[in-house]
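Presented below are the structures under discussion, each in the form of structure tokens.
There are two complexes below, and they share subunit A, which is joined by subunit B in the first and by subunit C in the second.
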Partner chain A sequence: MVPNDDKISTFQLGLIIYLTPIGVGIFTLPATLAKDVETNGWIILILGGLLCMLIIYFICDVGKKYSSLGLVETLKLLFGKFLGSVLAFPVFVYYVIFTAMEVRIFGETTKMYLLFKTPLEYIMVPILILAIILARNGIEAIARFFEAAFYLVAFTLLLVILIYLPKSDYSNLLPILRVDPLKLLKSVSDSLFSLSGFEVLFLLFPFIRRPEKALKGSLIAISFIVVLYIIVFVQCIARFGVDYTSTLLYPTLSLIKASDVPGAFIEGIEGLLFSLWIVLIFTTIVMLIFAYSIVGSNLIKQKEIKHTAILFLPIIYVLSLIPDSIAETFELTDKLVMVLGYYTIIALPILMFIASKVKGARG
Partner chain B sequence: MRRKREVTYTYTPETKTKISKDINENIGIIKNILKDCDDVVFREFEVGGDDKIRMFLFYVDGMADKLLLDEFVLMPLMISSREVPPSFDEIKNKIFEATKDNAMAVTDFKEIDIIEDLVMEVLSGDTGLLIDYTEKALLIATKAFPTRSVTEPSAETVIRGPRDGFTETIRINTALIRRRVRDPRFKIKQKRIGVRSKTDIAIMYIDDIVDKRVLDELNKRLDKINIDAILDSGYLQQLIEERSFSIFPQVQTTERPDVVAAAIYEGRVGILVDNSPFALIVPVTMNAFFQSGEDYYSRPVISSFVRFIRLLAGGLSILSPALYIAITSFHPQIIPSKLALSIAATREGVPFPAFVEAIIMEITFELLREAGVRLPRPIGSTIGIVGGLVIGQAAVSAGIVSPIMVIVVAITAISSFSITNYELATALRLLRFIFMIAASVYGLYGIVLAYIATLIYTVNIKSFGTPFLAPMAPFYFEDMQDSAFKLPLKYLKHRPLHFDPNDLIRQGDEDGSQ
Partner chain C sequence: MKRFIILLLVPLILMGCWDKTEIEDIMFIYSIAVDKVEDKQNDAPQKPFYEFQNQNLEVTFLVPNPAKIQGGESDVLEEITVKTQSLPEAIGMIRKKQNREPFFGHEKLLILGEKLLKDDKSLKCVLDWIDRDPKKNRSAFVVATKNVSDLIKVSPRLEKLLPSYVIGILKNEAKVATMVSVSLNEFLGGIKSSGMAMLPIINRQKDEIVVKNVALIKDSKYVGELDDRYIRGYSIISNKLHEGKKLFMFKREVLSYNITSSEAKIKLDEENGRLVFNVDVEMEGDVEDYIMNEDILKSDIIKELQENISKQFEIELKEVVRHFQQDIGYDYLNLKSWTKKHKYDLFKKYEKNWDEAFRNAKFNFKVKSFIRRVGVIR
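On to the complex of A and B.
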């Protein structure tokens, strides 16, 4: 008998931190990196990963201290009621827009690879509804879903990694470090934002059974993601070279398409693999919905997150249909990252870390 | 002559009437309660020489052992007691004790002082004995009703393993379990459920292993039941399940005593219901449904392989028609062009879309299956012939379905038959249609959506506090040793953690330490 106390284990937390960032971002990541830093993408990924770990350290340090409070409550405690709410509001907006964009990109990609004739709306609505249903069931159900889905996901990832190893030309990865170091540093943020989603950790603290172990679990999860990203990036470059990779819209899926597995009876494997990938994107959407529901319901002092999740469904749907094309969607996502992303992922954790230290020193 | 009192009595289930000193009054009440019950036998007789004392005996004809009553109850009381000392006069004042302790050669007695309780017990097959001037009645254990002997279970057959299966008699069934658990800490608690049927149920567990919270929860749910009759364990199962509309069973049913015993040793609770050869086990997980008792009796590598085959069968029985629909109508580019062409060629003459074709065939198969179960055995084989001809030959040559579809249905059928648990197999049958509909609307995306929906549904199911998908979700690393695969028995040192047993150690180390 498992106690019904709305708490998750460290393993479940790690899995959430692992599966949330992996979504649609991984499809475009090699192209973005190749465009900016050519062959040095893997260095950037490592640097981004390290930066991410530092932020996770900040988050855990603050989170452990106020582990029974959520993000909004902690902010209110540190900065006062009004200022705290003001500081928390952009996070809410960030998650709502992020969800909408994720759903839109998912819809476009599905249309491109699986359902060429189905209208976008019909693709987006069912996954949004399923995600809301799961998010409404609370963190325990979400964590169990992530675990149950992980078996398929692990299988998919292994397939992606293993199939393409032999046919690549690793000399494409050379030369190393022939890019302006300033440019390198600039694109660290790219790699950091490819990990965005990990910041839900901040919201999860009230649900973690052993907050003191959260740091370890999250760090392991992040390092696994970084390894996966590096493998995907290296494979893309080794296969296509820098120039070709940077012109592709979804190099990761092209990579899958370009392979012909000897003896496989399945031909167009990218369609099949993408459909498995949907589960990964779904986990991201669920977590984002859960995130905005928690922040939203804390802001309006609603106890049940169920209503908040449903309340913003139409808004997300409308928001996701605003961009006219997939290119515009990416543009909008970049803009979102520039403003709200920097705030939520970098500024807020540092700010809270300093504030908690100051408060700790005073008290 | 004592004055015969007029008996004014009407029976309701709540009345409790004390047995009075006057035997006539008692007999009157009993005869009133059992009025028009022509299967009940009443016998008044007198004991002793000159100074006689009246006794009254009643039982249900066919449920009590008449031979035992004749030889060991009536014979000593009516005949032998006159021949041997002490004489009747000496024990006149303690006639009840004398009857009970000295006269009858029967092993099991019970003293009862409420008439309604006595009638209740008599209706379960025992015999009631009333003695004049005594405010207590004797209940003699004489249960002997027609029972089916222990035979091999028909729904769960094994090649390697014990051949005995439960019968309809709860006593025989508890004995079958007790033979496997000779531990005084193994408890069999009996209850009666059903306002009118008063069906015996037995709750079985090992006291120091079982999770007490599960036991409390079970008792709470059993006490809430207020139904007129429990005819089979299926009634009880539905009444104690959390989710009544769920397609997945949240209680395991089995005909095999070894499966129940194994579950009890794992810290789970077994429930037997009288008149039902199916025992219930709580809590249950999806994992347990994919296991068979045989897995534990055969070699670990083989049983791991068999478990893998079963999981594959589960997947195939849900997915194969859905995949057929998705690939032929949405994504022909996924399969190699040669195969795609040959499928298209066989489908050329078929006038229906893939979904309709699949639905026709699957429904036909379900009909055949249902008919095969219901038909009397001699006619049963006819169904096989009809099915083979209709599905295999005629449908294809008439151009209604393609030969590939026939193969798909065959795969579905075989896989759904290789799932060990009947109830789970039925649940998966239903899921198959949902996946088919999803695939006909959204293709592969639809299948993934249906998969996600099924997962959301199953992660929310709990069976007596144990998540349905444990030990996969939530993940218990230690329990993976006995999940999709199975380690050799030597390494299975502890009981499954996800059932939260009190005593974890199943197997000590070789040197005897634990």
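On to the complex of A and C.
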């Protein structure tokens, strides 16, 4: 019997780290990589994954030490009350904007492929409401939902891979390592940010039953995501070639669309896959809402995180409708990544790692 | 309060009805045929309207009529034709004369007229429209034809619908060496990445449709035709051959060799500032006919036959390459992308004037053919 104490097991933690980063990013990722580094995207993905693992190590090292405190409390402990709050505030803003953009891109994509006439707002509002309902129920409910969703997703992904494996031209992946090394290093950030979402790990430490095992669980989860991303990238390149992939907006969706199952007894499986993808997006949105409500309630010293989640719902809705077009949405997302993403994903963990070492040496 | 909240949630559940479409209201477009029929040019820089001018394109949508199919009638394909300047305009015009909503998800065949292929601007317009819309079927086949309006009037003898007849012929590509079939995906990929593509040409012959020759497209424009005889060599060099026959000469008799598999291995060197491609081909197959009453079941005769076939393949491949190098002058053998993949340094060196390098390149062929079976008579 699993105790009802608002704690999650290591397996559940791994699932959260696995399902949170997989969201709208997986659709655009092959195009971004193909544009920047041509066929070497899979190398970049591995490098990005390794970098991500390093950051996870930092996070876990700090998190284990102060496992009963959340992110904000840890920051306050390490940097003092005022400075700690100041450092935590951008993280909150990051999560709020990230949620808004995720919801918007979800709406845009759904409108383009599935619901052509339904207004954008009516696509976004229900998923927001459903996500809020789940996020309000606390980490345990979320973890259990993720468990349920995982098997569905894992099975389908396996099916899709089996469909595509034989009919592609894998020589499209050559040549290897024939681009400017500087360009390669620059695009590592592309692949790191395609994994963004893993940083919720920081907020989860107070909820983990055995914090000392968090590192192992998260590392396994990240490596599984990297494998999935590599498969998607390789399939896109093998099917479309580099030049064509980089002109597509959602290469992954076009790949699904271009499927021709041998024997052709099923056609147009994209509808099926699309509905499963909505589950993946939903898990991302739920976790992001949960993340901002934790940070937000710690910042304003509100005990019930449920209330914070609802409080910022209108802001998220309005924010997600600010970009006028899909082009603007992508630009805004890039800007978010440039400013707040670097801070939350790279700068803050390193800063906290150093501070905790200094503090540990002193104390 | 609780009831009030439930009442508020009801519209959210009902929003699924927003996109409801009844199947009776849909017109399933099976095939699109586009050709250019006029050459009007009328572009004043600023005008209040740009609609209904320069209607150079003739677009035909082939739609199966479900009522007729149910009734068991023979002529079940409806042609809906409009004259228009672009395809988005065509859709608008079709909605003015047909009540059902056009649906492109099951579109299986795209027929492009020769005059359209000769006009790169119009062709790009059409292709961009197809590429941009997520609802289009990307595995549809693409063909070229000389006379669209003539072609779509054919009523096939053994099939009910013209597009499935054409698609069936195109699928025979797996068994015929002198034929290619191109899907929308491959076509768009070729045009967008290198500007080069091939399209099978289909034409009407009385009440049948025949695939003959291949249209060559360069920089989104039709540049010429490739004779059927050169296609087998092309398929062998670019490793696209599935199955097919070759007729060869042996003891002053023309015999048939059925290739069941072929694999080409390319090696590239550079000699005196010129590329040298060494192509090693290995193929397997069966002999389909032989001289009557002469014993074939001897290993030295088989060996002799094999050597003969190999030699004739070497001659054929040399001629194919010569044709591409000298008569056509462009690298349709996909050697540019092969070089990029396998010999990046040489690719970088010759990238700028690849066509020149291709024309000057030297080709050496070495064919090894195997006869595995000879049939049931000796």
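To be clear about the criterion, the second predicted complex is superposed on the first by the 358 of 363 C-alpha atoms of A that agree within 3 Å, B and C clash if a C-alpha of one lies under 4 Å from a C-alpha of the other, contacts with A are read in each partner's own complex, and residues count from 1 in each chain.
Just so it is clear, contacts are C-beta pairs under 8 Å (C-beta built on N, C-alpha and C of every residue); 3 or more make two chains touch, one makes a residue touch a chain.
No experiment lies behind these values; they were computed from the predicted model shown.
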item: Which superposed partner A:L69 touches (first subunit B, second subunit C, both, neither); value: neither
item: First, second, both or neither for A:M53, with subunit B first and subunit C second; value: neither
item: Which superposed partner A:K257 touches (first subunit B, second subunit C, both, neither); value: second
item: Subunit B versus subunit C as contact partner of A:I133, first or second or both or neither; value: first
item: First, second, both or neither for A:M112, with subunit B first and subunit C second; value: second
item: Subunit B versus subunit C as contact partner of A:F240, first or second or both or neither; value: second
item: Which superposed partner A:A143 touches (first subunit B, second subunit C, both, neither); value: first
item: Which superposed partner A:I278 touches (first subunit B, second subunit C, both, neither); value: first
item: Which of subunit B and subunit C A:P175 touches, first, second, both or neither; value: second
item: Touching both subunit B and subunit C, residues of subunit A; value: 114-115, 118, 126, 268
item: Residue ranges of subunit B in contact with subunit A within the complex; value: 211, 213-214, 217, 283, 330-331, 333-337, 339, 442-445, 447-449, 451-453, 455-456, 458-460, 462, 464-467, 469-470, 472-475, 498, 500
item: Of subunit A, residues touching subunit C in the complex; value: 112-119, 122, 125-126, 129, 171-172, 174-175, 178, 239-244, 247, 253-254, 257-260, 268
item: Footprint of subunit B on subunit A - complex, ascending; value: 1-2, 4, 9, 11-12, 110, 114-115, 118, 123, 126-127, 130, 133-134, 137, 141, 143-149, 151, 265-269, 271-272, 275-276, 278-279, 282
item: Interfacial residue positions of subunit C with respect to subunit A in the complex; value: 9, 12, 15, 18-19, 105, 134, 137-139, 185, 188-189, 192-194, 337, 340-342, 344
